[in-house]
Structure formats: C-alpha cells, structure tokens
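Going by the order they are written in, the chains are A, B, C and D; count residues from 1 in each one.
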Amino acid sequence: MLIVMDHFASPEQVEAVCQRIRELGLTPQPIPGGERVAIGVLGNQGYVDEAPFRDLEGIREFIHVTKPYKLVSRDFHPEDTVVRVGPVEIGWSRDPVVIAGPCAVESAEQVRAAARAVKAAGAHLMRGGAFKPRTGPHSFQGLGYEGLDLLAEAAREAGLPVVTEVMRIDQLEKVAEVADCVQIGARNMQNFDLLKEAGRAGKPVLLKRGMSATLDEFLAAAEYILLEGNEQVILCERGIRTFERALRNTLDLAVVPYLRAATHLPVIVDPSHALGRRSLVPPIAKAAFLVGAAGIMVEVHPDPCRALCDGPQSLDFPSFTRLMAELDRVGRLREGG
Amino acid sequence: MLIVMDHFASPEQVEAVCQRIRELGLTPQPIPGGERVAIGVLGNQGYVDEAPFRDLEGIREFIHVTKPYKLVSRDFHPEDTVVRVGPVEIGWSRDPVVIAGPCAVESAEQVRAAARAVKAAGAHLMRGGAFKPRTGPHSFQGLGYEGLDLLAEAAREAGLPVVTEVMRIDQLEKVAEVADCVQIGARNMQNFDLLKEAGRAGKPVLLKRGMSATLDEFLAAAEYILLEGNEQVILCERGIRTFERALRNTLDLAVVPYLRAATHLPVIVDPSHALGRRSLVPPIAKAAFLVGAAGIMVEVHPDPCRALCDGPQSLDFPSFTRLMAELDRVGRLREGG
Amino acid sequence: MLIVMDHFASPEQVEAVCQRIRELGLTPQPIPGGERVAIGVLGNQGYVDEAPFRDLEGIREFIHVTKPYKLVSRDFHPEDTVVRVGPVEIGWSRDPVVIAGPCAVESAEQVRAAARAVKAAGAHLMRGGAFKPRTGPHSFQGLGYEGLDLLAEAAREAGLPVVTEVMRIDQLEKVAEVADCVQIGARNMQNFDLLKEAGRAGKPVLLKRGMSATLDEFLAAAEYILLEGNEQVILCERGIRTFERALRNTLDLAVVPYLRAATHLPVIVDPSHALGRRSLVPPIAKAAFLVGAAGIMVEVHPDPCRALCDGPQSLDFPSFTRLMAELDRVGRLREGG
Amino acid sequence: MLIVMDHFASPEQVEAVCQRIRELGLTPQPIPGGERVAIGVLGNQGYVDEAPFRDLEGIREFIHVTKPYKLVSRDFHPEDTVVRVGPVEIGWSRDPVVIAGPCAVESAEQVRAAARAVKAAGAHLMRGGAFKPRTGPHSFQGLGYEGLDLLAEAAREAGLPVVTEVMRIDQLEKVAEVADCVQIGARNMQNFDLLKEAGRAGKPVLLKRGMSATLDEFLAAAEYILLEGNEQVILCERGIRTFERALRNTLDLAVVPYLRAATHLPVIVDPSHALGRRSLVPPIAKAAFLVGAAGIMVEVHPDPCRALCDGPQSLDFPSFTRLMAELDRVGRLREGG
C-alpha cells in the first residue's frame, strides 16, 4: 500500500503515519516527490487495511497495489484451470465449446426439439432456464422445478450435459442434482451468499459478469466460490451497461485477452444477452472465437418469434447450424490456439 | 404500444402487422409519417407483449408506452403512501426522518454507544448491519445473528426502531422478528426471490437502488414487493455507478422530485454510501432535505477511524449532532413542505 | 411523432393537443391505451418540432419516430458510399483497408522509417499527427505545420496517401492541401463549425466517434459534413467511455454490423486508441476485420518505447508485419464479404 | 510516480528499472510487498514521463501521484480566486451570483424582455446564446452576430453584464468586445485551441464541464486557459452522461464541495441543462446554493413554450422571480458562508 500525503502535510504528520506503520509490525518507506510525500508500506503479506490510519491527519489518498482476490489470480496459479462439465473440458488451452439452447424452458416439445437440434449442429452443452430473473414481475418467470425436469430429460435424451441458472439458495440442491453445471446470473453476481453456497454444491459453476461490475469485482466474486474449495468456475462475459442504448449492452471482446492474462479460470462469451438482436449474434460469436474465448453461450429456439423470453435475440435452428460451420472455420485462426 | 415499420416496409407487410393485431382482439391504427409508417395498438389493458409480432417482416422497433409496473405508480394510486416503522411515519407529506447508526455492528459497546448518541441527537430510527455484503471475501463480513441481537438490544434500550439488512431468504424470519424494517441492499435490488419473500415477511421494506439500475428498474423491483400484498415500502436512492471515480457513486438529487411525481412510495437518500467521504455527507444530507426527500440515512460511528467497515464515510457523534441542528433549519425551507 | 398524454389528462386536454396539430396542417390520430391516451401526428415530411406543443397541459412525453439525420441514412441512400482517398477505395463492399503510422510525427527520421515499414508490410494509407489534442497542456502537443510537411514528404516517398488530424478551422486549408484525407478527432466530434468547414474543404473526411457520443449523435455529426455537399465521409469507431477502467475505452464491435444497416458510409475501427495496450491490438484488429469493418486504423512506431505520444498502444514494425499476415487470413472469412 | 512490477518479475528486471530511474537523475526506492515489488521514483519536480520505462520488461502498471495540472490546484494557490465580470465578483467566499437569460437570442423583443425581467428579479448577470451548438444540423443554430448585438444592447439597457458562448476561434475577437465574459460550452471543453485562444482574449472565461469529462480532465482543461496568463476562469458543472436517461444528465452536487477543496477557481452550477425539465430546476438550484456553489446559471424565457431552443427547461418570469426569493432564504444557510 502507498499512503499519499497532502501537499501541505507537516513533517510531524508524515512521522505520525510512519510511526503507525511501525506499530503494525511493518516498515514505512517515505518517498518525497515534487508536490507531496508518499509513504510506502513494506512487509505486508496481503491486503493492508486502511482502518488503522484513518484518524491520522494529512493523508490524501490510499493506493492499494494488492488486489482484493488471490485464488483466481494467475499470479498464484500460473497454469490454466480446466473445468469439466460432464465429459466436456473447458479451458483457455482447450478447443472452444459451444453452449446452446433456449432462454427459457417452455414445454417438453420445445426443449426436446432444441436439444436435438443443437446436438445435431454440434453444440457441446445445453442451456435453458427453468427459473428466470425478469425486470418486472408481470413477465413470464419460468416453469420452475417442472421446467428443470423437462430440461434435464431433453438433454439426457440428446446426450448433452446441462447448464442451468439457480436464483435462490434452496434451489441449489435440486439443480446440482440434475444439472452438470450451475449458472449464477448477472443480477446475482454480488449475491454473495448464493456464491458461497454454490461453491459448496459440488458442481462446476458458470458465473456471469454483473451488468455494472468492474473486472476486479467480477474476479472478486469468483473468489467467493473458490474460497469454498471449488475451483471449477467458468467466467462468462455478457456486456456491461453504458449510456449507449442502441445495442442492449456494450460488449468489449478485449476483456477476453485481458482476463486470459489475469486469471487461470476459463472465460466464455454470451453474445445473445449482450446484444439483444439476432442478426448481430453470429458475427460477434465468431469474433469471440477469434480472440480466444474458451467458448460461447448462444440462445437457440425452435421458433424464436414465439419464444416467451428473449425471442429477438434467439437463433433458429438453420441459423445456428450455419453459425456452427462458420465457427469451425474461424476456430483455426484463433488466438492462443 | 407503437410498432414502427422499416422505411422500405411494403404495404403487405404493414397489413400483416395490422392483421396480427386484430387476431389478438386489439385494434391497429396505422400512422403514416414522412419516413416510415408506425402502427398504434389500441384497446390493450396492460403491457402489450412483443412476442406475437416477432416473426413478421418489416418491423423496425417496438415502442412501449405502458410501463412494466403499475402498483407503485402514482397513476393508479394518487395519494402518498405512509410507511409506519414502529411509531415513526415516513411519507412525502410527513416530516423528514433521519435513520442513523454504524455501517456494521462490531460489538455490544459500539452499537450501544451509537444507539444512545443518535437518539440523543434526535434520530428517528437506528440502522446497523449484522450481515454485510462485501466486494471481496477477505473483508469483514459482519457478526451475523449475534450482531443482530446486539443491534436489537441496543436500539430497544435507546427507544429507537431498527432497520437492518437481510442478505438471504433464510435470514428473513429472524430479522423480521427483531427488526422493525427489513432492508434490501443495492446489490440485491434484482434478487427477485428475496424481494418476493421480503414482501411476505410482514414488515416494512427499505429497498435500495441498484448501482446500475434505471429508475424504471428500481420501480419495477419495488413492484415485486407490492405484488405480495405489502405496500409498506421505502425507496432509498444511493447514487449510481458512472465513469467518474473521484466520488464513490454519482448521486443526482433530482431523482427525488422526479420520483415524487412518479410514485406514491416515500423516497429517502443515503449520502454516506453515495459519496464515500465524511466531509461531503453533511452538505448533501441537507440538500436532500431541501429538495423534499422523505428522509435520510446516515452512517454514524463512535470512532470512525477504527470502524471495521466504511469508516471514511461515517460521521462521529459531534459531527452528527451538528448535522441534526442544521437539518432542522433546512427543514423549514424544504420543497413540498 | 407520438404525443403521450398523462394518465389523468382530461378529454379537453387531449382535444387541445389535437387542435394544435391541426393548426400546423397535420393530422392528429388519438390512440387510446389501457393507461393513457397517445396521439399520433400524421402528415409530417421530417422531424416534428415539439415547441408548438409545450404550453399545452396534460402532456407526459414526446416520442420521435423520425431521426435527426437523413443524408447519412440507408433509408434514403440504399447503396454503399465508396470513399476515395487517393487511389484507395473504402466502402462496405470493398476489401478492407489498413491505415497505419505513428500517433505523432516526431522527426523526419521517425516518420520516414514508419512510412517505409507500413508500406512494406502492406498498409494502404499512412496516418500520423502533427497537431495533437492532449488532456493536459503540459504534454507534447505535436510538431505543428513542420510535422505536417515531414509527414507529407515521408508518405509521398513511400507512395502512401495520408490521413491526418485537423484541430482548428484555420489549419484546414493547409492540411487539405497536403493530406489526402482530413481527420476530425473524438474530442471534436461535436465541434460543429469544424465539421461544417471540413465539409467544404474538398477532401474526404475521417470522423471519429466522440468518447460519450451515442450512435445517433455520431450519425448526426456526420450529417453536418454531408449537408455541405461532401459525401466522402469515413466513420471511425474507437470505443466509448464507461465505468470500466481496466481497458482505456470500451469497444463494442457489434457497432460495425449495426452501423452497416443504418448508414451507407463506411465504418472503420481504431483498436489502438480504444484499448490503450499493445498486446490487445492484434486480436481486436482481426476481430474488426471478421465482423466486416471497412478497415482499421493502427498505431505503428519504429520504437514504441520511446514514442512521445501513446507509446504503450503502438505496435513495432515486426508486430505490425505479423498482424498484416494474420489479417489477410481472417479477411477471407469476413462478414458480408 | 510508482512503478508496480509483475508478480513474477525477476530481481534483474527490478534492477533494470532502478537503473533507468538513476539514469534520469532520479532516485529509485524499491518497496517489496507481499505479492509484488513496487518501485517509488524520488526527486522529480513534476509529472514523471512513463516513456523512458516502456521498453523494460516486468512492469505491470504506472501509478501517478502527481496530477496533470498545477496552476488550477489549491496546492499551489491556496487563496480563492475572485473572478470579476463587470462589477460582479464571483468566488467561493463571495455572495452567490445568479446568471439568467434565454437559451438562445431569438429577437430584439424577446431578449429585451428577458433582460428587464431577470434584472428586476435580482439576477446579477445576463446569459443568452447567439451561436448555438446543436446535435443535428437541422435544428435552429442561433442568430449569429446579429443575435450577439441584440443581446449586448438588451443587457446594456438593463444594466447587466453579459456572458455568451463562443464556438469558433474567429468569433472570439468580436465576442470579447461586446461581452463581459466568454463561455466555452460542454462540447468544446476539450477543443484545446479554443481554450488557448480564449485564454488570450482578455476577458473572463466561463468553462462548462464536458458531458463525459472526469473532474481531473475538467481541471486540466481549465489549466490550458490559465497557462495563457488568464486566471479569471469560472468552472460550470452541468451534469454528466450516464446510463440513466429519465433525466437529461446526471448532476452530482457533491462535485461542488469536492472542487472547493481541489481548486481556487469558483464553481457554479447550471441546473437547466443538467435536468432538462422546468419543474426540477428550482429545487436543484436551491440545493446548489445550499452546498456552497459560487453561483448558478438558469435559463429564463418570456414564453418558454415558444422558445426555439431548450424551452422545456426554461423558467418563465413569474417562476424565476419566485425562485430568486427562495434562493435568498436558502443563501443564509449555505455551506462555507
């Protein structure tokens, strides 16, 4: 940590800060500058708490050099983590995976048709929501446990492992029982208790980035899961909220190579939720492959026009099949491959 | 709803949309413009679903005129709602209330000292956190149920009703038992299951605006609670996340008069979390009173420099006492008073 | 335009709005809804002004269906515009172009070396700044007219057309004389007088998106140039400012296919300014090609570590040469190709 | 400056950085931490350039402790600057001033009526735009030089000094001749050449914050003006662009006390442009007074409903007169008074 003093801080104030650092068993290192003195704190093993310094006069700012996470960082875990969802392996250095399926489970027919179609097109995992977080309470909220069973059955028939979202702690046990990977949605990225419990549920976790979460906060949220002893975590970028509303969210693919350097956990991209428009999904899905994402997550629906949820961004089966063929060609040129 | 057609939409495409509207038992009203045709949908009683139109060609955009909430809106409930927390009344037309206390409960001594001091200075309700949502798992997470008991006891001794945060559904029963008002924090504003369950807990709910929630989303979140039959909801503005990082969040007080026109629910302001710096809290607290907020929520700690959580934004007792006197003077000039 | 009335608007208020619409020679079309009446305005040839309605009671909102631009829109100009910069053609349906060179002209040697190297690697146009907009006045501000001459000479020797930024109107004449394309930077995107004058300067204009400009504002800014009779305009996406500061700006490549549908003007991407880090430039440059951008603009410097401006994001010659080879492979898979 | 090394940086890499610091005549100060080494740079007189370090291996981040401005900072100029616009004094410690008038000059009658009315109500300065920056080229662009003369004459008759916006350098001479203060608008805040030339025009400058400018960038923009020898600069906060679109911009009044500590230049607030709605202007204008702003700038129009520009946010004469009386009462309670 660096403690930056005010321009007008007196030598006595600087010394008081140094004295407090020494009392904590650490070593102060004053760094006089042109405009003000900064004091380095030496000897700490982790994050230094600001609290013991707050009553001292003449301090302008605390600059933390240590991040609020450790287990997720490449610094302490240089090798890639490979997450295993059923027989599928997801990791920076593995072939990219495609997770596909409808936004919401609507009926046995719909989810079965989707499972067959995405399997036939070459998807590796099936997605589908039984519990749906919706901005307003008057929108379709999902079929619940019934939907969960329909999803699990359809995926099993098709021979695909399943990823599905959990919204509350008391759903975890049942979801972990029937699904191969538990998803935590963007709105729950900082629902810390759900993170902790998901970390103990015994299944891989797919964690989506919150709409207004910084990358540091995203990594700190994943740290909650790893701290429970579960390293099988997939991070999913799905765009952030900005002033631009022409597109639903703003998706910066540079996050992929950035996170590849910062963490050993695999990062996938969800262009469907990021963009909110069907026509933009294929180009950005391919771009995500190209920049090296460990996979993508795409919404596919037998009849997007009649979908109960997120229809405008869902691909139909022919479009998805075309996309799979194109992804294959792009895959050969991808980063870090 | 208004369905805006593409510039190049054919008359057949326009007619197909009109036909679909008629099939739904509604009435189409084409509005030819200089650049494109728009089609009004007449006769609906609530939000019109876009789904039945999504497979039609030539549609550029859907414009919703109806909002995704109804119960929270002034349109359907013109009179102010007055929320009763113990003997305290909170409402647009009532005297503004002051909710004060430490960020986190740390010890019996700390919370008791805080309770006495804020009561003596004239606060109407006590706040204090037993369960603390923290960005990183390595930070202090609160004392939990033990902290809850300490808080309740200290407040009872001081004769103050208590507001405290709940983070998970299984905490609700116990919290509703000992607290007079249940708080849902900014990170949980779209934890929809928690909202629903809180709506059934039998106590007033204080709902904080999410860091990146629009005002419409904020109101739609409150709608989840009202739909469970609980109208006793207080909304709390605490600033939003923007590109400006010199201040912790960006707090626009114009939200207060804006929401006063939009909803019958009372709105209070939390300058401590919004600003993150002690020296900025008093001026903005007073400004919140002036623009007509139904109350404010302020962090007060016996020894802010040694607080385990949010010390830099907490007021000490003498500063809080001074603030209360100043609020009193400002109160006489407030909007809508 | 649609005029949405308040929920409580009286029939007399609705009629007063209809009457005002008729006075303007237009036709009112009331659309009664479940919660409120909306009134369509029919018969307008362009944007309808709100001013004549502002003194009327009971109006909640004006919804504009017509955009504030026309000349730049695909609606009125379905064929792609091809911009000619010297012998180079830039357009959605043309081969993508690469514009490369140093951020700032620093010396005859530096700019000559850069010109030769980018030419040898296959770049189509040369970029380089003589006038540099800098956040603080204490940073290097460019070599000015002397730099302009050095740039022009180096590019001519290498056989490359030149793009360079103009910051003030009185620089336009000289810049238009020596450069093949005039650039207007992000900070000047809404310097409307500069846009107008650039529109009259007789050279193609490369217009960068402002850091906080919506896509509609970006297109409206380009409209200023086209209105002066100059259709030779290239739009350049370079990311927007958001709360995320781990990357310099936030660059959403979905803007490329979005704008392809909205405008006939070609759109290129500048990953160097968007990202601010050398290592992220090649993957995002390739992704821009893949999603169908009409070109990219990349900073290349003989010795990035000693660059006077934006060194951390500049590629050195070997990296740029490698990137050109990779772009070539990606180009074969690009959208709309 | 602090140079933070990678976790895996070798001792040789650390030494190479130290060596480079020494070569620059400065002193390196390694600060070993729990996760990585940071190296303080000692002995610099101003901002340390990163360039000489960019080719070194193992560097993770540069942290600047010194800001990119100096003349505008309280650190080097502790006493308040008082700006004199005609006989009016504007400064943190002076009585707050009110600048009022129409958004745009429309006619001799309109501007004369406005001048008389705002003078009668007690305003200290008159505002009015002759040159209007508009998002789209099809909107009213102002009366130009003719409007400037009308404004100057009306203000002279009413006995009020005049503030008016300049959009291009070649307007500066004439504007500085007839106006008492030259305004630079939000869209031109980083039009650095206009800033420099305005700094030489011999009149006080009112500089508005850019829509997406950080406070540091705002201060750095003002530094451009002071560097030309002109300290007579007024800063004007007018809200920033955020994801929230219910209000036009997002105006955080905490910026006022924050800037009071950071700079000696006076800061005023423009609630009209920030909020875009007439009904929200008076409460926020009063709140700006309360938190200690050196003044406010308000749009007033004889007939807001027929205004050619920004009518929805303009006050009429009776509302403005009422506001002035209320401001007077609030003024007695203001911060730092």
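Rule of thumb we're sticking to: contacts are C-beta pairs under 8 Å (C-beta built on N, C-alpha and C of every residue); 3 or more make two chains touch, one makes a residue touch a chain.
Quick caveat: nothing in here was measured; it's all calculated off a predicted structure.
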Higher-contact pair (C-beta pairs counted), A-D versus B-D: B-D
Chain A onto chain B, rotation angle from CA fit, given as a multiple of 5 degrees: 180
Per Cα centroids, the chain farthest from chain D: A
Whole-Å gap separating chain A and chain B, where each centre is the average of the chain's CA atoms: 26
Approximate Å spacing (C-alpha centroids) for the pair chain B, chain D: 31
Separation of chain A from chain D, taking each centre as the mean of its C-alpha atoms, in whole Å: 38
Chain D, residues touching no fewer than two other chains: 46, 70, 212, 241-243, 245
Contact set on chain D toward chain B in their complex: 212, 214-216, 239-240, 242-247, 250-258, 261, 271, 274-275, 279-280, 283-284, 286-287, 290-292, 326, 329-330, 333, 335
Partner chain B, residues of chain A touching it in the complex: 46-47, 50-52, 54-56, 68-70, 133-139, 141, 167-170, 187-188, 190-194, 210-212, 217, 220, 223-224, 227, 241, 303-308, 311-312
Chain D-touching residues of chain A, taken from the complex the two chains share: 2, 4, 7-8, 29, 31-36, 38, 40-46, 63, 65-67, 70, 73, 75-76, 78, 241-243, 245
